[in-house]
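A quick write-up on the structure given underneath.
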Amino acid sequence: MNKPKPDLSVRIGGLVMQNPVMTASGTFGYGPEFARLMDLNRLGAIVVKGISLKPTQGNPTPRLVEVPGGLLNAIGLQNPGFDGFVRDYLPFLRHYRAPVIVNIWGHTINEYASIAERFNDLPGVHGLELNISCPNIKHGGIAFGTDPKMARRVITAVRARTRLPLITKLSPNVTVIAEFARIAEACGSDAVSLINSFPAMAIDIEARRPILANITGGLTGPAIHTIALKMVWETARAVKIPVIGMGGITSAREALAFIIAGASAVAVGTANFSEPLSTLAVIKGIEAYLVRHRLPSIRALVGTLETGAVIPKPRGPGRPCA
Amino acid sequence: MNKPKPDLSVRIGGLVMQNPVMTASGTFGYGPEFARLMDLNRLGAIVVKGISLKPTQGNPTPRLVEVPGGLLNAIGLQNPGFDGFVRDYLPFLRHYRAPVIVNIWGHTINEYASIAERFNDLPGVHGLELNISCPNIKHGGIAFGTDPKMARRVITAVRARTRLPLITKLSPNVTVIAEFARIAEACGSDAVSLINSFPAMAIDIEARRPILANITGGLTGPAIHTIALKMVWETARAVKIPVIGMGGITSAREALAFIIAGASAVAVGTANFSEPLSTLAVIKGIEAYLVRHRLPSIRALVGTLETGAVIPKPRGPGRPCA
Amino acid sequence: MLIENTIILSHRLLKGGYRLLTLKSKRIAPMVRPGQFVHLRLPSPADAVLRRPFSVFRAQAGRLAILYKTVGKGTQAMATLCAGDEINILGPLGQGFPNVRKDTLPLLVAGGYGMAALYLVAQRAPVKGIVFVGGAGADDILCADDFRRLDWDVRVATEDGSAGKKGLVTRILDAWLNKELHGRQPEFFACGPNGLLKAICKRVGRGGWDGWISMDRHMGCGLGACLACVQKVCKRDAAGRETWAWARVCTEGPVFACRDIVWD
Amino acid sequence: MLIENTIILSHRLLKGGYRLLTLKSKRIAPMVRPGQFVHLRLPSPADAVLRRPFSVFRAQAGRLAILYKTVGKGTQAMATLCAGDEINILGPLGQGFPNVRKDTLPLLVAGGYGMAALYLVAQRAPVKGIVFVGGAGADDILCADDFRRLDWDVRVATEDGSAGKKGLVTRILDAWLNKELHGRQPEFFACGPNGLLKAICKRVGRGGWDGWISMDRHMGCGLGACLACVQKVCKRDAAGRETWAWARVCTEGPVFACRDIVWD
């Protein structure tokens, strides 16, 4: 007797994905880089490298250094800008059925809102992921994503200008990440994704110089998984919109931990570098787990963590936006 | 010709240490646990497990789980209380020349101040390390160490009651740790130490339960080193008091990175579990480095990171305390 | 207690995923008492920030053996080691079993690798006794012949009946206690899964006998410093009331008197 | 370009810390063009989140060889591998060297493992040329005999004079260009440290010749996705002004025309 296949599909705002596994922005290029190795149509969604209004050169090199359990990067958000993306990559992406989510960023609220707006009615783009970890050049370089007021303003501005499903990507560099998730929810995000990389640095002790040209960079990979997992767990209990978990996924195990903690979907980042087919292995592993645990669908697993205790929700009331 | 030995001694407030290597609180017990394996007199200082006014039972088990690149712990600050410490451990510690620093904590400002006071005029205790990462039971469980107002109050209260050199130990779970270091400085701390463990969690995906009985725990070990290093670098540029760096030291390499980034001393934590003699190896490695680089003293190395750029100091003016 | 870099003399796969690892240990081996353990550093410490604890199976002049089962990443990494490789151990750790008394009948009760922890008890006992050993199947019955060679009486039970009597080890133990104890004074030494230890302590309590169990707890330092391995034990407070306190399995244990344990 | 699980056929320590690793590769080996590289997964990926890039030294039916030096933790881990072990490779990656033209004199210039990256150029060239190779000492002069067996003329320089002429490789190259070029049209193919590549490009530019260099940059994905490996290259902007743009060494490189590089 054939067992029915479990239903892996998930819904993020208006967006339906055939499975919960996405690529993490910046670790999968724009798609063509991996297309010769795998069938992109098998992905839940393709999240492309962060796009800004104008082309951006990013940081000098070295931009990457391997550290115990992870990776530091300081790419500096290099990208071809909106026009470059539409010209060089979008036609390619339109050949695929997998939904395409564009990660966007800016240095001012205006830049954020403008880039968001330009994706309206652009066939082939199915959602936006709002990267609020960028420094705000008008306000002394504090990241939008670590200041509740600024976060509220940028999310509100983007929400007002886009008709696409909007995912706000949260910075881990805050005391209570669930607060920012509630802001995102109140200000109209369809989902939140977390976590972005952790500010960190590495030093060449012989030269007594930073290893990255940018001095500091963002830590990603297995080292951050347990921190990300706690943040996802707290966030999922604080908001009603779907949560997308990422940070240190190398196999289905970590992806399943995020889902059990409350994530509706997950994204694979750094693991794409050592194992370009990681996303496919994660999809397979999740499916096998559902079969083994006789779960009919991925939704039946979301947030099923048994803590054996009544745990107070994260602090702070859910306030309306603005 | 004999080369002169480099001078490893450092000064933290009124406290002189023969070398910059301390034990991290909670990873070295109270001393006797390691005394059969090594000569405690070779340490820069012995920092003991956190002590509270009354004995504390801590959390149920499991309390520890190994994760990629690190360790999660939720010991729950189990300790014999002030009286138990003075009765069971202090007589032993008095046999050693190495300075003893007691890590203290409480659940209210009053508890903090009272425990601090009790160590005045207690021969054999040479300094206090104030762990402000504890949840404040009077204020909804927010940690003292993540709220600037609460941090200011608890440090001020403790400073008023102790005559010992005071080291404030900072929580990493904040956006700008240097802000808290300045608060510590302004409120009379003689030094700051950082970082404490990162809130994190691990899940048994088969049982769909948290692995730790306490659900969440603190991440320590190599996984947090690059994050700690950035925090130490930013903190050392923001304050004039000495900075004690810790997080993921397994060898002299990481210790030297902290020192080059601006730390005057370092503490070895999780590494004591796999290698009980880690502290001694770190001391040796630092000395060898100074000889190889022809540096006369450890002080000649502190903060020598060459960034090749003028970097703006962390935001926020240095405000007076209160 | 000390740290020693040992060389692997031999490493053999036994049945059921168990392996016998014999180390050349000049300094630690002679110090070991029955029931003590060593804390072993894994071959690639980059993957693992903790050592792994193992009971000492055998200890004789210059040699120390452990008997372990491959269960997770640490023991899997150990399984790849070959004769001649180095391995760093810390030990002997903990309080072992008390010496077997001449005036009692020692009854050893073991499940799985528990047999390993009890071998030195039998070897160094001044009198012969009986070993009750249980497991899921025949593959879990380890080193029974080693005990037989010491002239101990070995009684086996397996859940699937593939060796000895079918059923739990407590079943053959109870049958024996009912029919063959004949008024002698037994003293229990047990090592195995928590369920087994609890069952033994229940019987020991009911009979008013002496019993000692070796507990298995996840460990950090093995030195008493981290407080990861704690177990609830009985204590009287200042007013003389019964209450509990934490004992460190690595330091006050791993062997405890049955009467001291507070079962949750 | 694909991912292949290969088996190690042989692994030999050469002099100077260099090792020759030969893999059984059915699928990737036949696709390799001179100057392309493979991205190799380390044996214990828990320690290392990145692969390591190596030029293909030799590629023939079913076999692929790389020649590498132990410099850090990744190459140290590789050094422990034995014949029969598995190794996962991704490749062939990048743009290799253009085909050697019949109407020019190919001059290969190498430092260190650069010799490995150039062997296929010589092997597949329609004409014979000259190899200039330099290193700190005799131990850094690798596989010169392999080139001689192809009937190429090999000229050696070492900084300590322990092999060939004493001095930098550019010294013997310059001497040769001055005295022995005799008006022929040279075409350069170089691989080695950045200083060497820059020196070659300077000469190529002055002479108005063609030259190709293979660059070595720290890499992440090897696939063009992470933008870690970028190098400044010349570009004209919309208004036709000269400016620069980033090129990905893993994708647009590792081989670039000398004239395209913007040196910082």
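Should a chain be cited, it is by its letter among A, B, C and D, assigned in written order, with residues numbered from 1 in that chain.
The rule we apply is simple: a residue touches a chain if its C-beta (ideal position, glycine included) is under 8 Å from a C-beta of that chain, and two chains touch if they have at least 3 such contacts.
Computed from a predicted structure; not experimentally measured.
J.: What is the minimum number of touch steps required to go from chain A to chain B?
T.: Each step joins two touching chains, and the minimum needed here is 1.
J.: Looking at CA centres, what chain is most distant from chain B?
T.: Chain D.
J.: Mind checking the centre-to-centre distance between chain A and chain D? Centres are C-alpha means, answer in whole Å.
T.: From the centre of chain A to the centre of chain D is 37 Å.
J.: Mind checking the centre-to-centre distance between chain A and chain C? Centres are C-alpha means, answer in whole Å.
T.: 48
J.: Where in chain B do residues touch two or more of the other chains?
T.: Where chain B meets two or more other chains at a single residue, that happens at 68-70, 222.
J.: If I count partner chains per residue in chain D, which residues reach a count of at least 2?
T.: Where chain D meets two or more other chains at a single residue, that happens at 46-47.
J.: Within the complex, which stretch of chain D touches chain A?
T.: 1-3, 41, 45-51, 90, 217-231, 246, 251
J.: Which bits of chain A are touching chain D when the two form their complex?
T.: 26-29, 33-34, 36-37, 49, 57-58, 61-66, 68-71, 73, 75, 78, 221-222, 270-277
J.: For the complex, give me every residue of chain A touching chain B.
T.: Touching chain B: residues 67-70, 72, 140-142, 146, 173-175, 198-203, 205, 207-210, 215-216, 219, 222-227, 229-230, 233, 248, 253, 256-257, 260-261, 289, 304-309, 311-312, 315 of chain A.
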